[in-house]
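I have a structure I would like to understand better, so I am pasting it below and will then ask my questions one at a time.
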């Protein structure tokens, strides 16, 4: 029985087609990677833009320092520390400060028992830490 | 019908091995992949649960990449001849496409134009599979290796491309299987790829007249 | 109410494609699941920051929404609904209406809130300023304490950490209880505003605080958790009743059929609505630090700052440090104030370890959970930019 086989070896044209296909595959991979890197580079742009938006808004504000806010001065004078601007006044401490972690249950009990508040607040020290302050 | 005697070696041992490896990998990948996409718990449990099915999918993916890559590098001449054949579309190929090789029942084709080693349909299939595999492989890398570092939008893009390419490939391969193993006109080709690599010269002379002419000339 | 506290704000839906992208986004390792396995968030470890939510490729992660409850409150004539909006909302809300990122839509935002039926529209920036006053004073006290100034023996230790970010607070509580005394006792601006609204504002407007419904529009999902924490009742009521995100506000505006960009420019209402530039930059990483420095410098030195910008604390690097020479009039010397800014909770562990080991040279450390600050919070419009 006669057996037919393909002849071995390749022509110049065939070589270029084979090598060309590999090149095309490499190029497609490159394009895909380029696309990936572009997306990667662009993916955080909005963060920069939003931050820039806030700084631009800051520059356009008439008042740019917290302690110069007239309503802040008013709330201290009218309410938090009547007659003056005193931060961490007893009332400010009661309304504007909190506790964390294991101190919370006691803190809630304290808040729910209002007549104790002034005494506790004047003794004001919620930081019961024994740690040395790091200088 | 020509009356040629003898046998033609259509696909060499390495080609057939590569085809088998790719075929088995493709089935496992397709099965697990479809299971992930439609969340079919049964498929995942065949492979030992979601996480294991994913591991199977990924490592089979490695086989799916390394198989043809090794084949191409070890058989650069065969690969080159293959690329040459499928990238060459002659008048006969277009004529073949016009009648769809006579495979469709509603297109009457008495005489199908002579074809190369691969007919025009197979050439197109070859291209689609090469491009499809390339896309699937490329998108698979970020999904596995760089899933933590690539942006969300790129990852979802990869998932979409991976899935839709896989769907197209599954349909193409289903058609390929139908023609190569079931269709009475062409299932004679089955043994040339899946078994010993040989096919009757008579069939080749009929289906791949141009290629057979070359073979005759050279032997 | 307590479901938020026990089950968390952030949940993975069944749409999860198990891509495993989020496990690396998560700063606390709260998300479990291998690649291929549907993921799950442990509410115990989760700090509700929502970074996984805005970074989910399949939008499969959701935050608990109480928007229906808000709509009911707005429709209820008995309820006096007041609203505050965080600084970061105003530069991102416009993105939902076709504006570029960073476009300031503050004044249209006020107008849209009035259109939605809020009785009074205020601004969280007011209490951001209040935070600076309280937290800055606390810092000065701590510095005096560390320097041995008489009368400040009982203050907390240095360095002082900021307390504005509820995700960071929960992270510290969960993982580093020893660092808690270092955290400023000042509430976050949102909670300060809630406490002030139901006391000071109710008094000024002559409204019964029991009928007051305090809403907050935040760029943040952790704020939804924060407002439900049981200790925030210093006004005698729950200080902040409900939090919606920037996304939810945009959705409400769209649902109401309001043409946002065609709205007139309006201003916030008085008493607790006036803000400063210092409060505006709270939304960016380093902003709290810069605002605190502006005020602390002027108060300590008694001099006026020529240039209010502290460029050294700006930027987007996850950990930044700077030293600012501050003349202290009361002590007659100049004090180099060493500050550190951390953005991204992933990067905070080493800073905390240094503090706990006594190696830290800083006086004041700002920690914001989200990379870039609140402007990139878990409640902000989701961006999928490719170019």
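Read from first to last, the chains carry the letters A, B and C; within each, the first residue is number 1.
To be clear about the criterion, contacts are C-beta pairs under 8 Å (C-beta built on N, C-alpha and C of every residue); 3 or more make two chains touch, one makes a residue touch a chain.
Everything quoted here is computed from the prediction, not taken from an experiment.
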Next item on the list: Could you see whether A-B or B-C has the larger number of C-beta contact pairs?
Entry: A-B
Check: Taking each chain's centre as the average of its Cα atoms, which chain lies closest to the overall Cα centroid?
Finding: A
Item checked: Euclidean distance of C-alpha centroids - subunit A vs subunit C, Å -> 9
Notebook entry, point to check: Rounded to the nearest whole Å, what is the centre-to-centre distance of subunit A and subunit B, using the mean of the C-alpha atoms as each centre?
Noted result: 49
Next item on the list: Averaged over CA atoms, how far is the centre of subunit B from the centre of subunit C? Could you give it in whole Å?
Entry: 56
Check: Which residues does subunit C have that touch at least 2 chains other than itself?
Finding: 385-386
Note to self: Could you pull out the residues of subunit B that touch at least 2 other chains?
What the structure shows: 150, 152-154
Notebook entry, point to check: In subunit A, which residues are in touch with two or more of the other chains?
Noted result: 39, 43
Item checked: subunit A-facing residues of subunit C, complex -> 87-88, 90-92, 95, 100-104, 106, 126, 128-134, 136-138, 141-142, 145-146, 154-159, 163, 169, 172-173, 177-178, 180-181, 183, 185-187, 191-192, 195-196, 199-200, 203, 229-236, 270-281, 283-285, 287, 291, 294-295, 298-299, 305, 308, 314, 316, 355, 358-360, 371-373, 375-376, 383, 385-387
Checklist line | Complex contacts: residues of subunit C adjacent to subunit B | finding: 14, 17-21, 23-24, 34-38, 55-58, 384-386
Next item on the list: Show which residues of subunit B lie in contact with subunit C when the two form their complex.
Entry: 36, 39, 49-55, 57-58, 143-144, 147-150, 152-156, 159
Next item on the list: Sort out for me which residues of subunit A touch subunit C in the complex.
Entry: 38-39, 42-61, 63-72, 74-76, 78-80, 87-88, 92, 94-104, 107-108, 111-112, 114, 125-129, 131-135
Margin query: Quick check on the complex: what are the subunit A residues that touch subunit B?
Written below: 1-11, 13-15, 17-22, 25, 28-29, 32, 35-36, 39-40, 43
